[in-house]
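Read through the structures below before going on.
One chain, chain A, links the two complexes that follow: it is found with chain B in the first and with chain C in the second.
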Partner chain A sequence: MNGLAIDLRGVGKKYKFFSLNRIHLQVPEGQIMGLIGPNGAGKSTTIRILMGLVHQDCGEAFVLGRRMPDEQIAAKWDIGFASEDMRLYDAMTVGWHLRFIASMFPGWDNAYAQVLLKRFGLQAEQVVRGLSHGQRVKAMLLLVLARKPKLLVLDEPTTGLDPVARHEVLRELTAVMKDEGRTILFSSHNTHDVEQISDTITFIDRGRIIDSMDKEMYLDRWRRLRLEVPSGERLPALPGIIGVRQEGRLAILTANAFEPGLANEYESRGARVQAIETMTLEEIFVANVERSRVDCGEEVEA
Partner chain B sequence: MSGVFEISQSDKRPMYLQIMEQIKRKIAVGDWAEGQAIPSIRQLAVDLEVSVITVKRAYLELEREGVIVTQQGRGSHVASTPGLGARLHEQELANHLTQATRIAALLGMEPSELAERLRAAQAEKEQV
Partner chain C sequence: MTRSVTWDLVKKDWWLYRLHIVISTAAGVAALGLCFKGGEVAGVIGAVWIFTALVIVACMLPMSAIVNERKKQHLPFVMSLPVSVREYTAAKLVSSVGMFLMPWLVLVAATVALIEVRGFLPKGSIPFAVIVLLLPFVGFCLITGSALVGESEGWTIAATVACNSSYWLAWFLIARTPGLMELAKGNTPVWNGQLLWIVAGELGVIAGSLGLTFLLQSRKRDFI
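Let's turn to the complex of A and B:
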């Protein structure tokens, strides 16, 4: 299985208004990968292809060493999948769902399920109809977590959760990683969640993968430089700089391939470096999407 | 063991730097003694609810600075350097002085003026 939990090679899918552009995506075993991108970028399509729910037009998809979609039945024993459009049975209790899933999956860990019920503040006797949105999301996650699958694929697992519930979910996801043989792929709009818990980050925009990289390396490449510029001069965008905003004698530069020499280079041109700031994933996200749209020749409002 | 670690969301610095700083503090105050075993990377990641790669980065940098030692199969330990705690305090002071010098330069302050400000701050502390 060459140590890859997920291996997409040149996977493409064409729809009328959207196409996924022959993407390559590899998730090594034992890691958490965060999938980020704006609405309609292709995150859910990617997830559906690797779950065998959508069949790709071209390319190969392997999940836990199984070819998708052909071998999806065999693969799914070891995959826990949760997405927003999945539903529980309204008229049944949480406990009924637990017993239902337990009866199908031999790996079900009932002791862990009971612990999760407590941690998530859920009760087995509760009928699904009476649950809040957050409680339903947690119940759904509980059902996949207690199966202890080798791979968890979670589409927006923290969307719509209150801060406490979000925290509870993130804690359980990081706890899964105590076991080196398990892997998580999750998509999220919440860049803070992705920044906190993922080992690798994959950025999708308009059906393309813009970046897919080790999170620490990725964050380290981005910087915001605040410079004081001699009167009347305009700073050029040196290699590694993707944005220059200058007004009067102050300039703010955005670097996506920062190295210390870059600051020295500007200083040798007479500018004075006031500050070199790291950027949050949220800031990088916005800068990256704007840049990719400029590269596509599209107008971006300043 | 790592119960007092906490990543701050209002701290703008990267998480790995915050983890490094908190480990250094634990060593500086003597909670973690020289040569003592410290949590594994995976364990600390679970405890702090952050990714393994972030803790790995913090440990690598700490190892480069000679603060901890990681050995294959034996896990990570605080370095057995005599006076490591004092050295870490010393380093913290050096960092603050570098920062102060940088900001003084931005303000166009003379070195003598900065030295005077430092003496004043000291005098103020003694009064308290």
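Let's turn to the complex of A and C:
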């Protein structure tokens, strides 16, 4: 293995109404990557390919050094996968599921499973049918975490959870992250959740990876500039500026490679800087998606 | 880690659907009791009941163990385990056929024994009983294949309707085959060439449909 837990090289998949466009995605061992994209962006397709559930039409996929889908059985022993569309057997108890998984995985940590049961407020005797959505997600995560996998692949695990349940799930994932050898790929369209636990963030939209970077770097480099412009003037997009919206004398600029010299440059052109604002990950995500769609020749509503 | 989890999946299905097996076997055994205790009319009713019990199992098992597993989104959970589509299919075929064979073998053996002991039908009817009771097994394999390969409730229902309609046609054709019904009235079971060909045909469809299901599943590129 080359130090990469996930290595997708030019992976493509074509459906009737959607294509995954030869994506490249590398996740080093021990990293926590957030995969953010709107609904229908290709997050689940990407994850299904790397789990061997869907065969790519082109490109190569390696997970934990195993070629997918051919070596999926060997790879899956070390992958803990939970997705939003996954359901446990409704008629069976949580305890039955624990025993079922424990009987298969020699690395199952029963003591940890019991700790998680308590922490998540679950009881082994509870029948899955009687659990709330939040409890079902927690039960699913418990089954995945107590296996102690090298790689955790979580496809929208927090979707539909109430704020308290989401907090509990994220807290447990944060605790899991203390094990530095473990790699996590966490997909979501909720940037707030991803921001809390990821070190690296990849944006995906319409089957294309549009940006991938260290989370802190995103937050450092992206800024919104509010400028007052002399009447009749139109501001140019200098290098580092990816969006200019101007109405009358007010201009809002979005920078993806901000440095203080940029503001000075606009001031030297007669503009007055009213504010330089940091951007949230959600704003960065939306700006990234809009820029990508404009680059592809699509119209984006202002 | 190289251990196969196929057997774990088989055991899981047998545990999950154990009630189907127990209830259908019990219903079949009750029908046998009716044949054993009652007169000619009760015997006929019991025989129809046995056949019906097997037809119901042949429809219910694929619907519960395969279609519902996909519909209720348990399949992604199963496929998150160290298993490929090929192994999943093997596990499903082994568990389903195993579950079907439990009541089927009990009822076939009991039916044959009943004819031998009770004598409410001539012993010459034993080959016909075997042929008739093989029909739900054939139907079960075709419905199971449709459920796995078709991946939809619609295909499975279509296969179920087609199979259930075909049983009566098969009975009709057997009854109309010259000379066969005379053998059924005899006092000893006779396996002539025609009867053996019919059994071979049924077994051929069973083996063919299971093999084809495995082959088609193994070639699938998208499973979920």
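Keep this in mind: the second predicted complex is superposed on the first by the 302 of 302 C-alpha atoms of A that agree within 3 Å, B and C clash if a C-alpha of one lies under 4 Å from a C-alpha of the other, contacts with A are read in each partner's own complex, and residues count from 1 in each chain.
Going forward, contacts are C-beta pairs under 8 Å (C-beta built on N, C-alpha and C of every residue); 3 or more make two chains touch, one makes a residue touch a chain.
What you are looking at is a predicted structure, and each value in this text was computed from that prediction instead of being measured.
Asks: In the superposed arrangement, which partner chain does A:Arg48 touch: chain B (first), chain C (second), both, or neither?
Replies: It touches chain C, and chain B stays clear.
Asks: Name the contact category of A:Leu170: first (chain B only), second (chain C only), both, or neither.
Replies: Only chain B is touched by A:Leu170; chain C is not.
Asks: Which partner does A:Lys178 reach: the first (chain B), the second (chain C), both, or neither?
Replies: First partner only.
Asks: Check the residue A:Val286 against both partner chains and state whether it touches chain B (first), chain C (second), both, or neither.
Replies: neither
Asks: Counting only touches as set out at the top, which of chain B and chain C does A:Glu277 meet: first, second, both, neither?
Replies: A:Glu277 sits against chain B, while chain C stays out of touch.
Asks: Touching A:Leu219 in the superposition: chain B (first), chain C (second), both, neither?
Replies: In the superposition, A:Leu219 contacts chain B only.
Asks: According to the stated criteria, A:Ser198 is in contact with first (chain B), second (chain C), both, or neither; which is it?
Replies: Only chain B is touched by A:Ser198; chain C is not.
Asks: In the complex, go through chain A and note every residue touching chain B.
Replies: Result: residues 30-32, 167, 170-171, 174-175, 177-178, 180, 192, 195-200, 214-216, 219-220, 274, 277-278, 280 of chain A touch chain B.
Asks: So in the complex, which bits of chain B are touching chain A?
Replies: 7, 9, 12-16, 42-43, 45-46, 49-54, 56-57, 106
Asks: Quick one: which bits of chain C touch chain A in the complex? Just the residue numbers, please.
Replies: 1-2, 5, 8, 12, 16, 72-74, 76-77, 79-84, 87, 221-224
Asks: Going by the contact rule at the top, pick out the chain A residues touching chain C in the complex.
Replies: Checking each residue of chain A against chain C gives 48, 51-55, 69, 72-74, 76-77, 79-83, 85-92, 100-101, 103-104, 106, 140, 144.
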